[in-house]
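Next come two complexes built around chain A: one with chain B, the other with chain C.
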Partner chain A sequence: MARMKFLCDAERCIECNGCVTACKNENEVPWGVNRRRVVTINDGVIGAEKSISVACMHCSDAPCMAVCPVDCFYRTEDGVVLHDKDLCIGCGYCFYACPFGAPQFPQAGAFGLRGKMDKCTFCSGGPEPDGSEAEFKKYGRNRLAEGKLPACAEMCSTKALLGGDGDVIADIYRQRVTVRGKGSEVWGWGTAYGPPQAKPAAGSKS
Partner chain B sequence: MSARVMVAVAAALACAALAGCGERPQSEATYKQGKYQGKPDTRPWDNAPLAYGNNKWTKGDKRSWEDELKGRTLNQNENTRIGQ
Partner chain C sequence: MLLTRKSASAAAAPSRLSGGLAGILANTVDRRAFLKRSGVTLGAGAVAAQLPFNMIGKAEAADTPAETGKVEVRRTVCTHCSVGCAVDAVVQNGVWIRQEPVFDSPLNLGAHCAKGASIRDHGITHDSHRLKYPVKLEGGKWKRISWDQAYDEISQKLLAIRKDSGPDALFVVGSSKHNNEQAYLLRKWVSLWGTNNCDHQARICHSTTVAGVAQTWGYGAMTNSYNDEQNSKCLFFLGSNAAEAHPVSMLHTLHAKENGCKVIVADPRYTRTAAKADVYVRFRSGTDVALLFGILYHVFKNGWEDKQYIQDRVYGMDKVKEEVMAKWTPDKVTEVTGVSEAEVLNVAKTLAEHRPGFIIWAMGQTQHNAANGIVRASNILMLALGNVGRSGGGCNIYRGHDNVQGATDVGPNPDTLPGYYPVFVPGSWVHWSRVWNVDLPWLKKQYASEAMMGKPGMTVSRWIDGVLEKNDVIDQDPNLRAIIYWGHAPNSQTRGKDMLEAMKKLDLMVVIDPYPSASASMFAMVRQEGAYLLPVATQLETEGSVTASNRSLQWREKVIEPLFESRTDHMIMYQLAQKFGFADQLVGKKDGKQNIRLVKGKGGMEEPSMEDTLREINRGAWTIGYTGQSPERLQAHMRNMHVFDVKTLRARGGKDAKTGYDLTGDYYGLPWPCYGTAAIKHPGTPNLYDTSKHVMDGGHTFRALFGVEKDGVNLLAEDGVCSKGSDITTGYPQFDHVLLKKLGWWDELTDDEKKEAEGKLWTNDLSGGIQRVVMKHGCSPFGNAKARAVVWNFPDAIPQHREPLYSPRPDLVEKYPANDDVKVLWRLPTLFKSVQQKAVADKTAEKYPLILTSGRLVEYEGGGEETRSNPWLAELQQDNFVEINPKTAADRGIRGGEYVWVSTPSGAKIKVKAKVTEGVGPDTVFVPFHFSGWWEGKDMLPYYPEGAHPIVRGEAVNTATTYGYDRVTMMQETKTTLCQVAKA
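Presenting the complex of A and B:
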């Protein structure tokens, strides 16, 4: 197997935020922390509005791992970037290093101090025993250990967000692109009703 | 009397404000630079499939777990699901 990756198809994403809700629900993410969010550009411009769902991209050469002063990050055999919250000091360096803004910091303490970092785990928990209550409380659900894919990708209604083995989802995306063509065919009349039919001959019954 | 009450209230307020400065220690570890110091993680395929559901793989067998997950990943491709 290659590496676990997310792939979001901007032509399909309809900004429904179903992935965000699925993530929040599945992992019981605290208030103020968004492991996944939907970013929209050209908002309101007809034909130019694009949305994309963003979370931790589980980088092959992750900058968060490089800058962490306490080295709390590790990468699993499936290429998922995880971290140990028992080591994290909540310094925020990983947030500055990450190009996607994936690391999130819950408020902790009486004055809302920055807590330990929280981020997308590709629904694969953390270093606590798989499926344990401790793992769920710290990192959320471990779906990979249950033979499932991340909830956000599996919940996506338009299948804009794909998750899984990078090679497999790349194949799915490649096939999709070759089938759907480009331009208005992506989302318009042709997709909904098929190509224009030949007009019936004059005098024939319709 | 009122002065004593005022002092008592001020003291109580000061104690309440001071309590806000308390911070629980968040770290329980000593660090070594450049090396992951956390707990070792278990691998997903070292778990048995759930008792409910349709997942089937052999516990500890990476290949069977990968096949299971690949099937699940391919299920995201609705182009292959149409007409089934």
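Presenting the complex of A and C:
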């Protein structure tokens, strides 16, 4: 079974925000709710600027799911983390738990009351029947059910944002890294545990 | 240990993917399906069958149950830049309900930037910020009127002005957002009215490119394509921030880079494009010629130039070399540009070691007071390296608007008729009146005089001076009294404060635009009466062809009917022509013949057929090969995008299922020149001047546009240099009936062709016979010549660095002065040196010590009214801002996010937010130009027609920009002026 993942290739992302408006367009997400956004770090710093598109990463072991007091999250067979807005109480725990700032809360009411949580669904709707009006109104479009991938990844201007079966996008990304000889250093062991040169050289006595 | 305990349960829902894909795909989405999903795995029908309804769809079509509505997919092209991204629009009950990527398009492979991915907003009516019905300004308020009343009043007023002051009292600002057919009809419309006072965005976009590049080697257009960058070894961006202005082009750029192509970016700002470069060079704004010649110095010094190529195909490089070696030694280059010798050498070395390569530019080169020299210096550098006329190398000139290339080719230019036939050559009028089926003596009478008919009109950059200048110094009888803004923003032109003065003096302003609001609010701020606004359909509400930057033509299908009370541009042209009495001439109706049929448009009203209009263009635009792109061929390309190769744009095979048309060998969109009639099936020209291919395979030579010799020096290509398979292996001039007869090729014409071709050239033989026979012999109809490094007919034969009129380096002004003032240029007195010297005398650079430059943001386009009215885009950037270096900000006590005043020598000041960033150096600030709706700190909301104000409003940088124009084309200076920034 496929496990759906996003991967944004920072060597290619140019912060054009195509993914952001593709999402707004396809899911008719209201003003102020951003299921996806593009972050640029070191903006304007020569040689250090990088842009990356971020949304719900559909974690394999999702913190939002762990902390939700009403247990409104569920994971589909495709590995997509979805939630049930009928159960959601708008408490915001998931927002604090999420490392990516994915959960969004539309303002409701005069005092800025939190509405039901909204987030990226990997363009695969919610608990309502696939392609139903109720599903569209609450969660947006269900593209997976139509055999399509998320609009953001499909429309990415430079094919920086990859979305789909984790194995497949890993292959695409691996090939790119191999061809250009760089790009993987933003992820993985090197980032988590320090660059290789920090380790003692092979064969040296220590 | 897991945070979640129920991870594997997935009990709440069945598998969406497996359920949804059952019967469609054998297993999960595999790689091929992922990369190329549309069309291959799912036909449009299959997509449509599964479509759920849509909220908007329901609201719009309340009387029809949405579930039963017919769902159709219509293929169009994004209207926001020149890349030409295809869009599949899903339409139900006449409502645009969804948008799908077109993975088959060889140009964009399904990709979109923020603008393209949100283009469906154009079809959303429940929160639209468009102008919905005609209005007039009455007592300072915008009042709704009917179309009939609008037409009656506008035509009466214009005819009265014409009677009092003659036809030249009108200026028509056309549009690079019109499709080819509309742009072409508008040029005809203006001619039938009797003036050459018309222009469009190309003037302030790439006029310097078109003039400079065409004068160098023949055609003023991008030499290759975005796609061809994939075949390149080096991409040198000088004056282009493609990542924001042409984001989808970066798909090809980054693909090239990943395969080893070097990317160099030289820019005063560290742009998003620069962030992807291997080499970044920061230089002082407006010193491009110095930088380019500084690079060339190292090329010559190290012998890196392509000597054989120069010998064979370039005229005048020796003279350029002399000048460069004498004047642009590294110390002088560093003094002027601020770039170190090592950096310049590194660029030169990278370019020399990585061939073929491109130089890529947009407004960064073109919008300067001596930009005709800048673009030619770029050409010269590429010629020296032998990069031009081959795949993977050349000048990739990125055009701005979606159809600015096409509107330049066949649209409302003040100095040319469609196809660059000059107005000052009487034969141009003979040619086009034949094509138009219009009586030439009648046409002449429409003009004030034959002299005015042959005199290039004013330009959009200067229309305000046509109103404001004293009558005795302008080169036409009346001052301008009326203006029609037909799809053009006012805030894209410099000197906003002067524009306001001009608006005070106008008798009449008519704005024909889906979003006329910037013009409307400016006008209403200073006037009580005198303006009309007409709502017009966008390009998504009509059909027609559009020319991408790479010269490929694409055909747009109509997605939806014109919204609200809007009508199509060509319907409005026809209806106004009826009022003025030249409707028959507009559609070529005379002597029982009619070129352009009338078809039913909105509300059953008649409008000119777009297909027939293209056929008329096909019959006349021989110079640039707009002749082979019949509507049938273009439509077949749109239906069969998948057969075209991404790297070469060529169809390997394929037959159009609908018409049986064989696509084999065609280049996508038949990039012009596509010579001859459609019947001879020229495949289009993917890369200009490429001698490695046969002419009938899209090969080419440099154009013989400048004679056969100059002062005894041969201007034609040297012996043995010709396109592949050419029967003539030496240089040769352009073809006409005489040359054909001399060569003994005349009898290869058919009898009908002979009758037409007698006494004609390849450019005005309406039979196309001369082109057909010439190409059969493997020759380029326009001759085989050398490119010119020296353009002797320009004020600066060899490009010169000239300091900006408002120079931050007054100490350099004496050494690198602006051109002399000109008494009459494009009908107007034009100042250069006097403005520059006054600025030095006034010590302007001390009062305004910072360089002010302007440019694009990815979210918005042009003047920005349209894109700032789209909520999905507007949300992304809600304030105008100034980029300012941390040091510059700190010295002025400015913190990021605060409001500041940016003031300029024009006396204007604008209020914008400070964005503190190292992206600009301490001497430079940057303001994007897409904003309008504030005037010197004041929100102009009260002056907008009700419901037609954009969501985001802000200060227009051009309110504050200063005087300054190119000596040749009247391009405005927007990239280098002076300012001061202070805390608000």
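Following the convention adopted for this analysis, the second predicted complex is superposed on the first by the 179 of 206 C-alpha atoms of A that agree within 3 Å, B and C clash if a C-alpha of one lies under 4 Å from a C-alpha of the other, contacts with A are read in each partner's own complex, and residues count from 1 in each chain.
Here, a residue touches a chain if its C-beta (ideal position, glycine included) is under 8 Å from a C-beta of that chain, and two chains touch if they have at least 3 such contacts.
All values reported here derive from a predicted model rather than from experimental measurement.
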item	value
Contacts of A:D43 with chain B and chain C, given as first, second, both or neither	second
Contacts of A:D86 with chain B and chain C, given as first, second, both or neither	first
Partner contacting more residues of chain A (chain B vs chain C)	C
First (chain B), second (chain C), both or neither touched by A:S60	second
Touched partner set for A:G115, first chain B, second chain C, both or neither	first
Which of chain B and chain C A:T76 touches, first, second, both or neither	both
Contact residues of chain A, present in both the chain B and the chain C interface	1, 74, 76-78, 82, 84, 124, 127, 130-131, 142, 144-149, 154, 159, 164-165, 168-169, 172, 176, 179
Contact footprint of chain C on chain A as seen in their complex	1-2, 4, 11-12, 14-22, 24-26, 28, 31-32, 43-47, 49-51, 60-63, 65-66, 74-78, 80, 82, 84, 124-125, 127, 130-133, 136-137, 141-142, 144-149, 151, 154-159, 164-165, 168-169, 171-172, 176, 179-180
Complex contacts: residues of chain C adjacent to chain A	2-4, 6-21, 24-25, 28-31, 34, 37, 41-42, 47, 50-56, 98-99, 101, 109-118, 120-121, 243-244, 247-248, 250-251, 254, 257-259, 270, 272-276, 280, 858-859, 871-873, 875-876, 883, 917-920
Contacting residues of chain B [partner chain A, same complex]	19-24, 26-29, 31-44, 46-47, 49-50, 53, 55, 57, 65-66, 68-70, 72-74, 76-79
Residues of chain A that touch chain B when the two form their complex	1, 69-74, 76-78, 82-84, 86-90, 108-111, 113, 115-116, 124, 126-131, 142, 144-149, 153-154, 159, 162-165, 168-169, 172, 175-176, 179
